[in-house]
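Letters A, B and C mark the chains as written, and numbering starts fresh at 1 in each.
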Amino acid sequence: MKFNKLTRSKMNTTLEEIANLVGAQVAEEFKSLSIAGIASVGEAQEGHLTFFGNQKYLPALKSSKASAALVPIDFTEEINAVPLRVENPSLAFSRVIEHFAPEPVVFAPGVHPTAVIGEGVELGEDVSIQAFAVLEKGVKIGRNSVVCAHVYLGHNATLGDDCRIYPNVTIREGTLIGNRVTIHSGTVLGSDGFGYEFSQGRHVKIPQVGIVQIDDDVEIGANVTIDRARFGRTWIQEGCKIDNLVQIGHNVEVGKHSLLISQVGISGSTKLGKYVILAGQVGVVGHIEIGDQAIVGAKSGVSKSVAPGKKLFGIPAMEAGDYMKIQARLRKLEDLFQRVKTLEKEQ
Amino acid sequence: MKFNKLTRSKMNTTLEEIANLVGAQVAEEFKSLSIAGIASVGEAQEGHLTFFGNQKYLPALKSSKASAALVPIDFTEEINAVPLRVENPSLAFSRVIEHFAPEPVVFAPGVHPTAVIGEGVELGEDVSIQAFAVLEKGVKIGRNSVVCAHVYLGHNATLGDDCRIYPNVTIREGTLIGNRVTIHSGTVLGSDGFGYEFSQGRHVKIPQVGIVQIDDDVEIGANVTIDRARFGRTWIQEGCKIDNLVQIGHNVEVGKHSLLISQVGISGSTKLGKYVILAGQVGVVGHIEIGDQAIVGAKSGVSKSVAPGKKLFGIPAMEAGDYMKIQARLRKLEDLFQRVKTLEKEQ
Amino acid sequence: MKFNKLTRSKMNTTLEEIANLVGAQVAEEFKSLSIAGIASVGEAQEGHLTFFGNQKYLPALKSSKASAALVPIDFTEEINAVPLRVENPSLAFSRVIEHFAPEPVVFAPGVHPTAVIGEGVELGEDVSIQAFAVLEKGVKIGRNSVVCAHVYLGHNATLGDDCRIYPNVTIREGTLIGNRVTIHSGTVLGSDGFGYEFSQGRHVKIPQVGIVQIDDDVEIGANVTIDRARFGRTWIQEGCKIDNLVQIGHNVEVGKHSLLISQVGISGSTKLGKYVILAGQVGVVGHIEIGDQAIVGAKSGVSKSVAPGKKLFGIPAMEAGDYMKIQARLRKLEDLFQRVKTLEKEQ
């Protein structure tokens, strides 16, 4: 099956119009150049605008078929594309994207006739409740929020203003969600924490009666799981951004503006400070603290508390400098064995 | 947005009442102390009860604002909170939580008018089928089981008594589920196993015609995936507890009362014995056996069969003792390189 | 609860019939032997047919209770089961499975009365749209495709011919899907890519206005997440097979006939060539290229571009040969420390 891949980014404009949009100069002869689409240096075809945001893409830019390229002010390389010089090519490109992007999907206010709305549900102004949404008894939703198709909101769950909850999200009873929160499809908030007491050869469930609290301006990716607290709350603070397939255990706290990249797992009762970054596939044990602005490299396993500002790497995670040294030494380990052998012979 | 985080754990009771509940003594002067909530040592405020279950939280307990604390019988430290001495503070705390927890959500028996019920479906006594549930032809459900909103039960799937299937779970055709099984939201049982034959430059699908069987008293977390068998069954035995985002391949068998912590992945046809524990993010190759009561540490990669009772760690997984030794040596590797250099100079 | 585990594979046939099916000879005396089921060597009971496809299962085959076994032409071991000699026992077994498998679930063409079909939706011949499916404005679906219960198809999403989209899948606006594509339950296509600019202490969202494109003959497992592009497309090319719980970031390209095993994560803008294999739990950083036919071992972390045909292992990933050497040396590290100590004493 052949797709016309440009369908969604088709534009019909001139280079002059784009130059005006981003505050760049363009030589008279190129002003009327027709720009039909936007693409990365690697994907761009004739008639496309691209951008140069990272030195490593210079060879790709040089061989790119793009007709025009956003480049830094001090850019001096020879390229086939017509250069548009701007302060920050990446940001300028974002502005162009937004300007020419397909209209974002808008869900009109109102409650779809198929939605199931429980007793005592309170809906703010201009809320949109889509097909097959289920809002159990006591749910409260602030104004301008959109609850997409097939979303489940459990008893007494609360959602603030200007939220968007994408299709097939499950939000269990009692969950508290602030303003301007976005939750992507397939995500589950408020599932029971993983807690059992071992007794007479069996794992006996410890009741999980706490809640999940998500503060303002948080975005949560697709198929994420955040367990409810054993008691009290599992707490994601203001401005955090959580990528797809992340797991957050019961009673975890994630401090303001932290980033959790895809497939991270955090065990129960661990606390993260502000501006923490956990890179992809990091695992963190339970009951520890990770200080403000700490950064943990991809695939690391954090087994004890981390001081603020540290950069860690490895399994178990150690200071990035120590980790790098060990990695360098490992590559010379074969050599070391030979050197010791030589010493032994010379003995 | 400001939440009153205690909403769900508000209580209005005296310390005497709590002491009676857990069988503790309380001095006359503190009997009428008012307890308004329960919280961990770190989160507790004035008026709260907390508990001391782990020596590492002693500094936190000492600086806690809690008004009372459940502590061990032999506890002698000076703390600001009024101590309530009990055998097992953690267990006693659980009892208090249960007593004061918000009423659990109850789904009344009956079939929601929006549910789609196929031909020949058999429903036991007091079953609750919630909004938009789909039960295909031949599904059987035992008594007292709850099928929440948006759950899909494929053709001839069977569910025992006293089960709870949370919203947005998918249970594919032919799946067999025992009694007292809990399945959290977003989980998929019976998706096709990952099996292809490579032929003429393409991956040709091997039909996956087996089933998934879940025995009694199993709990499965959120967004878990358990593939159907190529033939026969993928089998989770009695009493197993499976955390969020775990992947279980086709024809895997998990022995009784095993624990699979979050983000574990088990490849096809591998067999786990009884009481096995796989910690978070462990990966296990296909076609091996892991013996009874083996324990595999977090993030390890198991590449060959494991004898009963072993404790493993690392990638590839090795006996925990050997792993610890190597880790200790790695931290002295830099030093070893220096020592060899010195020896070479002295030569 | 007791299940009759053979329910779904019950057959009632003779060994002669099976021999004919796979082109094997069977001695006269065993022709009328009754075969009641099929099972692996470990699970097989009296009356079952099994197969011997892997030398490591020889002890299991010898102690198997199976009544008959498909074995290679040159098989000479003594076993209790009646041997059926064939070129490829595994393939022959697949043929038997298919022949005796339960009837696959068939969804009759038509649109379920509960489905919500938006304006301008185009449905091909013999399409089946199941209960509670939501097809937003402008969705196009080719002939013979099946959209199962609770599937969400966003605005202008396009699906080719002969596709099957299992229950609870979310396909966001603008997604392009080719012919003969299978998507398992819980999977999310087209969620926003993870992209923010850090400005004044906050993470500001970068609009994600591209799409996801899935080419012909792709199969995607359960609870997978594939993010839409920042602009342009995230692109899964023809014939790829993606296992459960895999994460694919924005603007990633996966070349033809590549295999991504369970729980793999690929960061934004990375490009994979053709016939690449990423084993379970592999992580790949963003903005790199992995060449055609490269193979990355389980749990590895790929941090820079990989040449075609390479076999990599480890965190960070290195050539498999180098990795194996280091692993072997690590097991002798303790010994090396002792040898250096001895040398120092002898100095």
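To be clear about the criterion, a residue touches a chain if its C-beta (ideal position, glycine included) is under 8 Å from a C-beta of that chain, and two chains touch if they have at least 3 such contacts.
All values derive from a computational prediction rather than experimental measurement.
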item: Same-residue or different-residue interface between subunit A and subunit B, half as cut-off; value: different
item: Cα superposition of subunit B on its sequence copy subunit C - rotation in ° rounded to nearest 5; value: 120
item: For subunit A paired with subunit B, centre-to-centre distance based on mean C-alpha positions, whole Å; value: 25
item: Residue numbers of subunit B (touch at least two other chains); value: 114, 132, 150, 168, 186, 223, 245, 263, 281, 315, 330, 333, 336, 340, 343
item: Touching residues on subunit B, where the partner in the complex is subunit C; value: 114, 116, 132, 134, 136, 150, 152, 154-155, 158, 160, 168, 170, 172-174, 176, 178-179, 186-188, 191-192, 194, 196-197, 201-203, 205-207, 209-211, 213, 215-216, 223, 225, 227, 230-233, 245, 247, 249, 251, 263, 265, 267, 269, 271, 281, 283, 285, 287, 301, 303, 315-316, 322, 325-326, 329-330, 332-333, 336, 339-340, 343, 346
item: Complex contacts: residues of subunit A adjacent to subunit C; value: 1, 3, 5, 8-9, 38-40, 42-43, 54, 56, 91, 94, 97-98, 101-102, 104-105, 112, 114, 130-132, 148-150, 166-168, 182, 184-186, 217, 219, 221-223, 239, 241, 243-245, 257, 259, 261-263, 280-281, 298-299, 315, 327, 330-331, 333-334, 336-337, 340, 343-344, 347
